[in-house]
Amino acid sequence: MPAPAMNADAIAQLLRDEFPQFFHPGRGLTIERVDYGNIRVKRRFQEESIRPGGTISGPTMMELADFAMYVAVFSVAGPIPMAVTTNLNINFLRKPGRGDLIADAKLLKVGKRLVVGEVAIYSHGEGDPIAHVTTTYSIP
Amino acid sequence: MPAPAMNADAIAQLLRDEFPQFFHPGRGLTIERVDYGNIRVKRRFQEESIRPGGTISGPTMMELADFAMYVAVFSVAGPIPMAVTTNLNINFLRKPGRGDLIADAKLLKVGKRLVVGEVAIYSHGEGDPIAHVTTTYSIP
Amino acid sequence: MPAPAMNADAIAQLLRDEFPQFFHPGRGLTIERVDYGNIRVKRRFQEESIRPGGTISGPTMMELADFAMYVAVFSVAGPIPMAVTTNLNINFLRKPGRGDLIADAKLLKVGKRLVVGEVAIYSHGEGDPIAHVTTTYSIP
Amino acid sequence: MPAPAMNADAIAQLLRDEFPQFFHPGRGLTIERVDYGNIRVKRRFQEESIRPGGTISGPTMMELADFAMYVAVFSVAGPIPMAVTTNLNINFLRKPGRGDLIADAKLLKVGKRLVVGEVAIYSHGEGDPIAHVTTTYSIP
């Protein structure tokens, strides 16, 4: 496995600069690990993403998957002009608990025009994924 | 086509009661039309859902599709205990402009256990969809 | 709506020339209607695609959706070098009967690099779709 | 990991009995390994599934993924009445070579009503997947 094109700190700095509305401390998003095409991010538990029944909302998980894939794309392509999501497919598997969310993203294909990856989302401390995502990005 | 099981006002009231965090005036979501299994909702343009480049974020569109499908499910099933999204597949088709979003949801199947529908999302005033969603709900 | 780039006869001739293993009379595939980005194809009922329980197999429907999309791509792009399917998402909605299958394909986006479309598959003579497909092609 | 509910021989026998049109020696399908919810199947290379350009057709890969998931479902649920595919999402990643296909299926969720799994398809002897599938089955 090659070294990642950017490490976690460099990706976090890039996101703070380019997406200040999205990636700021109040969001509770952190980059936990960056290998080449294989990364882990975390989302701190926040009361306001809870739906009736105590469930974290679907869009919250889709947003986390999107974030994880951006980090994975940076890990192989470096600070390229922003990739555009073209397709995202999510299966919701289990009801998440009231805890932090972990997302592991792995790239399945890194082409010149398209990057395809999968993301498994976990409730912190639990073994089985709560959601599984496959998604495609178009490289401008 | 049968009459809808609930009209737009009744669905809006139910959502305000059950999802006050999600469906409140600040969210800018309105129910525009409710027929049986075929509905339209709107999301007022909001500066904070804009990404660099002037684009409305993907998760914003996924959230709107989710909302549209809830309304469509209520239109055929009435005030049932909450359905759970099991799968959502979204294709992002065009870059949306800085305007309101319209989402048209149509149910493709209303089974005893699963409801499947599609949602087309438009930028207000434009003819071609900016995103297309198919999604499945499990009825408890 | 512009005129289609190729009509049904020209597309059938192209497919016979380029895909003789796939598009030959024994396959039972016909092109019923070709408008610009909006076409209908048919698959004659064949005993051998039946599964136990009298159902037409899933892969048979996926193959028909793939065929319908090729025809739709030709209707807008003409006899281009072969597009490549990059993503296909299918929802199986109802058990098909023992009859011909009809597939209606409609393009949602015709970009320079990606073409996205949806296909609804019907059992001949029935009103509700038995399967719904969205699919993306990459233009070489 | 619990022991599988059926081993490879028992699943092959069941498929020969129940799906003789689909699972017969001429098809070239074999079950290579069966663990609990985690299995491998193989499809022998066959000249007739080749498309112009030397590529194995998309529907051939979708059929193999479907087969892999049936085997995975049997490995956890035993000889249950036939599950029904409700959703299948496939990303085509690379052009396959002219060789055998390997499919590794892993179940992501085994619920009372829905089973969700993913399948990675490889060209024999190559390291990177040529296609990736997620799919959902409904248990009758």
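Letters A, B, C and D mark the chains in the order given here, with residues in each chain numbered from 1 onward.
Quick note on the criterion: a residue touches a chain if its C-beta (ideal position, glycine included) is under 8 Å from a C-beta of that chain, and two chains touch if they have at least 3 such contacts.
All values derive from a computational prediction rather than experimental measurement.
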item	value
Selected interface, A-C versus A-D, where C-beta contact pairs are more numerous	A-D
Rotation angle (°) superposing Cα atoms of chain C on chain D, nearest 5	180
CA centroid of chain A to CA centroid of chain B, Å	24
Separation of mean Cα positions, chain D and chain A [Å, integer]	28
Mean-CA-position distance for chain C and chain A (Å)	34
For chain B, residues that touch 2 or more chains besides their own	86-87, 89, 91, 136
Pairwise touch network: line, ring, star, complete, or other	complete
Of all residues in chain C, those that touch chain B in their complex	89, 91, 93-94, 108-109, 116, 118, 128-129, 132, 134, 136
Of all residues in chain A, those that touch chain B in their complex	18-19, 21-22, 48, 50-53, 57-59, 62-63, 66, 82, 84-92
In the complex, chain A residues that touch chain C	86-87, 89, 113-114, 136, 138
